[in-house]
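As written, the chains take the letters A, B, C and D, and residue 1 is the first residue of each chain.
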Amino acid sequence: MKDTVIIEKVKMKKLHNAVLLTGLPGIGLIGQVVGRYLVEELRAEKVANIYSPHFPHQVFMTKKGGIRLIRNSLYLHKGKKRDVLILLGDIQAMSSVGQYEVAGVILDYCKSMNVTEVLTVGGYSTGKIAEERRVFGVATSDALRNRFKKLGVIFGEAKGSIVGAAGLLPALGKQKDLEGSCIMGETHGSYIDTASARQIVLLLSKYLDMKVDLKRLNKQAQESQKILKKVQDEVQKSMAAQFESANRNVSYIR
Amino acid sequence: MKDTVIIEKVKMKKLHNAVLLTGLPGIGLIGQVVGRYLVEELRAEKVANIYSPHFPHQVFMTKKGGIRLIRNSLYLHKGKKRDVLILLGDIQAMSSVGQYEVAGVILDYCKSMNVTEVLTVGGYSTGKIAEERRVFGVATSDALRNRFKKLGVIFGEAKGSIVGAAGLLPALGKQKDLEGSCIMGETHGSYIDTASARQIVLLLSKYLDMKVDLKRLNKQAQESQKILKKVQDEVQKSMAAQFESANRNVSYIR
Amino acid sequence: MKDTVIIEKVKMKKLHNAVLLTGLPGIGLIGQVVGRYLVEELRAEKVANIYSPHFPHQVFMTKKGGIRLIRNSLYLHKGKKRDVLILLGDIQAMSSVGQYEVAGVILDYCKSMNVTEVLTVGGYSTGKIAEERRVFGVATSDALRNRFKKLGVIFGEAKGSIVGAAGLLPALGKQKDLEGSCIMGETHGSYIDTASARQIVLLLSKYLDMKVDLKRLNKQAQESQKILKKVQDEVQKSMAAQFESANRNVSYIR
Amino acid sequence: MKDTVIIEKVKMKKLHNAVLLTGLPGIGLIGQVVGRYLVEELRAEKVANIYSPHFPHQVFMTKKGGIRLIRNSLYLHKGKKRDVLILLGDIQAMSSVGQYEVAGVILDYCKSMNVTEVLTVGGYSTGKIAEERRVFGVATSDALRNRFKKLGVIFGEAKGSIVGAAGLLPALGKQKDLEGSCIMGETHGSYIDTASARQIVLLLSKYLDMKVDLKRLNKQAQESQKILKKVQDEVQKSMAAQFESANRNVSYIR
């Protein structure tokens, strides 16, 4: 097996006006938390696995004593208005050449299934733990930006670059005439941020007109927010202590 | 030579219901010790060499002043019930792309020779030197797990991931409709562990119905166990000494 | 998308006796400053984008909330005597294999458009901030060297090697029967050097018979030179201070 | 240009019973010194250049203001009995995949020119500066070993592995039915060793029945040996001083 391959688990009929939605690991693990929650709540069906020599050469041992390759997977949610293919995965490809190859293979497959839009989810790191998490976006057309703006997504404020599949998929998708956007939850960057993931799930349920029960996630988000607040307090105390200690010993600093 | 190639030393007839058994370097060198011991005791015949640009660009100098490329090799044991191809090697491929390529080439060759099962051998590192080494397993089907459980192999306890050929070969083999398992000897992880290798050889001789004389290995295992015990005692003494010394000098620690 | 590709934005007619002029990031950012200034002043039209998996797997977020892949781009200036294709880019390919691939794709495209000459711009690092920046050159033929010598370019003094596209493009171009040279502005090496870039723009406007308004660049160059002088003074003061301090505290040095 | 290529400078007629002799950089630079000396003394004619994206993406600036890609080159010596193709180069390929590709391309080309034997030259590092440098060898057949033994080459004493082209070329050549050997000059390993190179040139002139004037090399070797002796004395003095100093200050060691 020399290249990235998609192995279908289910023979799908072609979809109509479908969206590729990604939930891969990244900043604050927001994409992964969002993707997994949606797959679970929507009972999306796994339709394909993606294998690549650009993933690490490892296999996971399962609880019942099985093994499986590191992979990405596509899950199908047949929605009221639009079908949604959700991309989950253990990991992203490890090199730039690998990232381009995996993204290209996924986009070609999606296009062959009548996917017309790519919507990736990521985190936007601010180094702070905000009370109310904002949602930032970038998109490949004004029409898309307007649709998301109506739902409260902020455009033009996020700066810099997006590393990995969350940026590559919509950008390469544009070259294949797919609409594309990346929606980013505001997050500290150093912690798993369920509260930010919750904001994205809420947004996606509106944008894609999907009924998603938020109960479990609300609870997780509250707990996560409490823990993050504690972490923040501890960090501040410890920084204050360090500062005092540094001042006390200032004559010994070299 | 641009890709991984298999060069046959002997024109083999197709095998019947054969097993690919691996003995490559890895944790505790258990796979390598097991593989080499079996090849020697069973007088398995070398049937093919595997060369790859994904192995290091080095050649070994031989005792009589020859050279040979770094390679893997396949040895054939014509068993009573099943034929066994044993994979030995100096080294595993150095990158993920290389590991996938080498594993793919080996599996395609084995499938063409009527291999139906992949059985890899590795070590499972616990950081301790156990009195009685256990044998852990993972496998790609319930049927296989049951066959190994009857022989005392423990499933569902080993956790985490398997790096390299020991995991890739059975996992990729499954995609090619080969049965697959990885059998791991319990080991400390930092030492060559002949005692653990012995347990695996014993198991394999039963599983594959092969007569293997264990005399040499029993002796090596006893010596290895004695040495490991000594090492363990030394390490503990030295840690205790360090701890005491640290306490004595505590006022000077910076 | 598995390889480096050139996507045309504009259907160009074949050019006549055209020059490929590069303005990629490198020593002192001289190439990039020169390239961008020329594109702006000459209002060169963007005619093609170059995408490659050998660029980093990142996308940039734009001010209005869009995204774009990391890329290189070609801009066309229809000159009085010769057409000029100017190559700008965020970055150069990250590996040797990538550099060769990107350079090869660009050269093949240029040759198909009737480009006959490759002219790259770089910096030549001296570790000093010269009052009057010299311009050094290397070229693939005596004829070219003579043309540049008449304009004050110094040949045979720059020593060592040129890393990246500034060297590869003319050297690989020679294998494709393109004339080639690399023009290097003398520079410190650790700072963006607009003063040196100015010298190159002046030279190119003569060499390619282009009218380029130097006003903006003159101003930037003066400011840049003032800043560099200050930096130099600060560095010298701080080195002197360190030296004194080292002497005063010499008994404490360990 | 995506792959390793050989560009002929001269249209050669097919050779008869020719030898590929390598002079690439390696331990003690012995191969490179030997190769260059032979090319100069024998006035061998450059017949081909070898370019590869697996060499660094750099170009060298020449004295007269030209540029050239990093490359390897083949030089032809039409000998009395046998033709000799001498391989010189700035560098070896930078990765294992690159080394295999370059070696494969060179061997295929040589085979097409009727080369029947591969003879590489390297250094064998002992960490000592011997008075009389020995010459070690490895070879792919008994016949070859016997031919070299008659000339004083020592087989079966050099241990370990040979890294790079000096080992790959004869070992891969064997797969292509070429005879192969690697001749190694005994050397310290940390210095350029002209004295050891001299021994190899002497040997090769006998083995290949070539008249090589050793005057220049004899002189260089004597100077090099003197310098090495001085270096060795200095190193020993400085080690002794360090040792004494360490003993004097032993109470301060932490």
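The rule we apply is simple: a contact is a pair of C-beta atoms (placed from the backbone, for glycine too) under 8 Å apart; a residue touches a chain by one contact, two chains touch by 3 or more.
Nothing here was measured: the structure is a model prediction, and the numbers come from that model.
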| item | value |
| --- | --- |
| Contact distance in steps, from subunit B to subunit C | 2 |
| Same or different residue numbers at the subunit C/subunit D copy interface, by half rule | different |
| Farthest chain (mean CA position) relative to subunit A | D |
| Distance from the mean Cα position of subunit D to that of subunit B, given in whole angstrom | 38 |
| Subunit A-subunit D separation of Cα centroids, rounded to whole Å | 53 |
| For subunit B, residues contacting two or more additional chains | none |
| Chain pairs that touch, as defined at the top of this document | A-B, A-C, B-D, C-D |
| Subunit B to subunit D touching residues, read off their complex | 1-2, 7, 51, 53-70, 94 |
| Subunit D to subunit B touching residues, read off their complex | 96-97, 99-101, 103-104, 137-140, 145, 155-156, 158-164, 167-168, 170-172, 175, 180, 182 |
